[in-house]
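Common to both upcoming complexes is subunit A, partnered first by subunit B, then by subunit C.
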Partner chain A sequence: MRFQPIGKTLTCNGIARFTFKGIGLGIARDSSIIRFAPVLSFLILAIFQIIPSQAAIPEDPAFGYPAPPANVVAKDIPNDAGKSIIINWDLSPDDIKENKKFIGYEILRSTSSDTGFVIIGSATAGSSQLSDNETVDGVFYYYIVRAVMGSMFSESPPAGPAASSQQWFHLGRINTLIALLVISISIVWYIERAKKGEKLFIRKIAGLEAVDEAVGRATEMGKKIFYVPGTQDMDNVQTIAGVTILGRVARLTAQYETPLEVPVSRSLVMVTAREVVKEAYLNSGRPDAYSDSMVYYLTDDQFGYAAGIEGLFVREKPATVFYMGAFYAESLILAETGNSVGAIQIAGTAMPAQLPFFIAACDYTLIGEELFAASAYLSKEPKLLGSLKGQDFGKLCILLAIMLGVIIQTSGLYDFTKLFIVR
Partner chain B sequence: MRREIPLIITAIVGFTYIIQFFVPHWPFNILEGLLTSWMLIIFAFAIWLGALNLLKVSLDKISKRSRDWPYAIITIAGFLMIAIPGFLFSGGRRFQDPGTAFDYIYQNVYSPLSSTMFAMLAFYVASASYRAFRARTKEATLLLLAAFFVMLGRVPIGDVLSSFLPEGYRMSQMADWIMNYPQTAGQRAIMIGIALGIVSTSLRLILGIERSHLGGE
Partner chain C sequence: METGFTFTNTLAAILTIGIISFLWRDNPLYKVCEALFVGVSAGYWFVSLWYQNLLPQLFDNLGISQLFSSGSAEDGALQVLFKQGRFDDRLFYLVAGLLGLMMLMRLIPNLGWISRWPLGFIIGTTSGLYFTTYFQSNAMAQLKSTVLPFTTVGNIVMVVGTICGLVYFYFSKEHKGALGGAAKIGTWFLMITFGASFGYTVMSRMSLLIGRFDFLFSTWLGLVK
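Let's look at the complex of A and B:
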């Protein structure tokens, strides 16, 4: 007869556990032992009655101690502002889905390795990590992780000491810093070249070439131009880009004496847009043509704003509409209404989900980066054009990185994607 | 100084945001939260600017009997209808609490109106799609074909119609392929361009090269 112990012999708080398998096969192969089968059966049953198997959940509280979590490690959380220590552990062998009695873990902390431990937090079953976010930097702490099963528990040996500290640089973001430096330096370098008078080639952007035509059309028709700078506030870079383009458009409307209306959905955008339009009219020598009522507030509410503009479009029947900024679901409502009144429409946004709507409903659409390039493109100012070339250099770098990444990743030489993980 | 001070503030705040991203050490770790709080406070106060402007523009229209002036009456009435119950008739509770007059208007007037506007989108999508999917050029034809497969692939009848095709080539799988590969690739290319555009614009603003948002050249 062969008894085959499987797996490990576990010791939990001094209680030994054994599990056997293959008993039946061993008996069947040993024919001489069949005579003793009833006695052996009794003995085997007796053994299984008093020694629980590894998988069984003990009913007797004396056997209800869970195995403690192993490999408890406490260390300072890297790249943070201090005051945090992370505690990791290996799950208790009793922390299994089938074991409904297993509750979870309690984490105890002390500044001494042997006394004074108090509970500072708990983790549910299946968790193997907890952050202690209430530490004092420079103070060394010890941690115990306690596995709790029913009313019983067992504790790991103290782990540590570990002290939290704050760091001066986030090492997980070094790749972002490098990318930022490369792009920024290239932008500044191209700006310097442009300042020295070097002629820079910028590809034609159809939507921006059509700005003059769109303003001219409204002038000829004697109708209004509406400029919609999106539904977001001045903290959104798309709104800033939209307001910047508004300045260029306002200069044209001032020159052509075309009526301009700018309904906005944010108070700060209204103030900024007024300043920009006022300045444009002043610079064009038409301060008398400017009025504060050209830029007015409708509402902060997304669909209220859309409804307001729809009404204005239907009543005023503008010849030209510009949509420049950040838009959400209202984009198509606005653009379709503008289309239905026969306005020439130029849109620009960096919201990828709204681009198809604008492309479908507008005559020209500035796609993503073109919105940000518009100000430089329309002004033809060398310093601004230089920044566009720098942007193009950034694109070239990304293109090369993609090609290199495809080759390296496909060949299996190195996990190239690791270089682009930002923590 | 009218332009210099905003430019200096822009530069300081811009660089602060960049530095706090890379430096987790105090005091940089609290700067983002601090600046965001300031921004929210400014936004909260600025709402009065908008509200007062709305009233002023509407009252001007009424007093001058400008074109479409009756709409201005509706605007003012709507404004007062929601503001007065919110300020005065909350019965000692917070104005958004269930059961207040403000909540009643919000639930029974505002929400249905917003939903109506949103629902209209369905019709606009249909009319815009009808125009966009006309096969006038090679590109438009490709768009039409892609839309055809994606739309049919997203409904059960697509798989029923293509059930004679081998597994992996049915409508739903072709739709998934279009969405997962060509569509994702195109969208990512746009996203990369946008990210670079944002970096470039931000740098122009921080360095004071771009000034037109301040009313400058």
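Let's look at the complex of A and C:
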């Protein structure tokens, strides 16, 4: 005999087996009526028409019913946009690796604790969590977790009520908020200092020092400059940085009257690049030298774009090529072709996998952060310089945090990494 | 894939050879292949963007496609608004459509300035969105992984490499003295990493080349079984 300690045990067709087991145990305890036990049981069960058929009696020595999952808890998922409740439970004791019959769990939901439960999801064996992402905020729900083993199952008592709700602030990201506030305040502070005319020091960046030289070389040779802003769209910060540097290069080409060509692979980049180049020519007092045809679209396709630029390079033989933005596998194809036609090449990207190719094939390469610093470095505008100095302050804070953290971690006084966990 | 001298295999082989012929020099076959590649891919992307973005995201969601179809397509936001008098969240797609229209104003010289607004919107929202996500993934996660106890050589290398690499990207001080030394070590760490990455990527490119040769000699010519 076996009692199910929690909840009710059901056969697969929903007949209450619990009753049968309860009676059986009662008879076994009373030895005076033991001889009448089979007849009595049969009569009672026949009256209630719940005699289990032979087929429904499982072959497993423990009746084949899995023990139900315990400690089922349903609660709103914290720090989210609502419409989600998470259900946790302790694994059924039958949910063990050796038990191949154990299938998993079914999760049932209802707005009432007694009736109306319907299956809303399932979890595999070994899982003890499921999130219900189809709730209505403010409505209270009850959940039952059903352990399924073969064709049998047993259910936990209803858990809940729980209602989902949305939160305005993600309390698991307070550390990010504080860090960003510190950096933002330092950026604003440095911008204000720069606006007041204070000279902010930025060390020399070799790749950017070479921009003037590269434009000058093309001017002397009477050849074109190609500017390649990468293969990504305007929703990529590297493309934004690349287009910003394009403004500076366009200003120089306008002053030196050097022909500039900007083949692009995205329509939005084309529109933005045209605006930037146009403004640079206007600011340089050469609006007549600007033409929309300087910035043109090739194709969105990565290798189609690379093939197109390759062809342009070998036919136009530019004196200078700039690669500034986000690049993928086309990086070496472009840089190698530019190198083969003898162009001076300056590249800048924050794609770690492509940097080695640019370093190998280009004359100067802006590595990651240098690309983002380039616009401030080249323009010397107070806003951009202040921003760069503010970022440097952030880097200094990170540097100090690493050093302090390593000392604390080594001493074993406190787990310093906890401060940087973002949920 | 079908093997042998079929029309598609032969065409693909000629185009492959045409593109590879660039290794010799710029030639008419390469020019044809290049023009075909650029043209076909540009057209393909236009159609792809239409069917994957504009049509399902904008026209279907707003209910504009449904006006021109006789089928029993699901109601769009405009149908929900006018038939059921209910506000549908998908009506916000109108804002995206409006921004797209503003971008097209570039085609009208006198109204070209309007296209700067959607551009500003895109760049501004992109920068704002990435401000936090990049900080979380590139700064906080990096910090958490770098703060390691000095108990193993691996941990020491990791911490020293990160600190020196960070010093290299510090722009507010001239790289002289101890700072210069740390920056130099940082450069070494970067170059060793790039070298390893270079080798790894070259190997993966070799597999691409082998794939094309396999097509030429096995699928097309049938010389390699």
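Observations on the structure shown:
We adopt the following convention: the second predicted complex is superposed on the first by the 361 of 423 C-alpha atoms of A that agree within 3 Å, B and C clash if a C-alpha of one lies under 4 Å from a C-alpha of the other, contacts with A are read in each partner's own complex, and residues count from 1 in each chain.
Assume a contact is a pair of C-beta atoms (placed from the backbone, for glycine too) under 8 Å apart; a residue touches a chain by one contact, two chains touch by 3 or more.
This is a predicted model, so every value here is computed, not measured.
In the superposed model, A:R248 lies in contact with subunit B only, and not with subunit C.
With both structures placed on the common chain, the touch criterion links A:L371 to subunit B but leaves subunit C unconnected. Shared-chain residue A:M221: touches no atom of subunit B or subunit C. Residue contacts after overlaying the shared chain place A:A81 against subunit B, while subunit C stays out of touching range.
By the touch criterion defined above, A:G390 lies against subunit B but remains apart from subunit C after alignment on the C-alpha atoms of chain A. Of the two partner chains, subunit C is the only one that A:F420 touches; subunit B does not reach it. The partner that reaches more residues of subunit A, of the two candidates subunit B and subunit C, is B. By the document's definition of touching, of the two partners only subunit C reaches A:Q409; subunit B does not. In the superposition on chain A, A:I205 makes contact with subunit C only, while subunit B stays out of contact range.
With both structures placed on the common chain, the touch criterion links A:S379 to subunit B but leaves subunit C unconnected. Residue overlap on subunit A between its contacts with subunit B in one complex and with subunit C in the other: 173, 176, 180, 235, 237, 240, 268, 271-272, 275, 297-301, 303-304, 307, 311, 315, 329, 332, 352, 355-357, 359-360, 367-369, 373, 388, 394-395, 398.
Contacts from subunit A toward subunit B in the complex involve residues 79-82, 166-170, 173, 176-177, 180, 183-184, 187-188, 191, 233, 235, 237, 240-241, 243-244, 247-248, 266-268, 270-272, 275-276, 278-280, 283, 293, 296-304, 306-307, 311, 315, 329, 332-333, 335-336, 339, 350, 352, 355-357, 359-361, 367-369, 371-373, 375, 379, 381, 383-384, 387-388, 390-391, 394-395, 398.
On the side of subunit B, the complex with subunit A involves touching residues 18, 21-26, 29, 39, 42-43, 46-51, 53-54, 57, 60, 67-68, 71, 113-114, 117-118, 120-121, 124-125, 127-129, 131-132, 187, 190-194, 196-205, 207, 209-210, 212-217. Listed in rising order, the residues of subunit C touching subunit A in the complex are 19, 22, 26, 30-31, 33-34, 37-42, 44-45, 49, 103, 106, 115-116, 119, 122-123, 126-127, 130-132, 134-136, 139-141, 143-144, 146-151, 159, 162-163, 166-167, 169-175, 190-191, 193-195, 197-198, 201, 205. Interface residues of subunit A, counted against subunit C in their complex, comprise 173, 175-176, 179-180, 201-203, 205, 234-237, 240, 268, 271-272, 275, 297-301, 303-305, 307-308, 310-311, 314-315, 329, 332, 352-353, 355-357, 359-360, 367-370, 373, 377, 388-389, 392, 394-396, 398-399, 401-403, 405-406, 409-410, 412, 416-417, 420-422.
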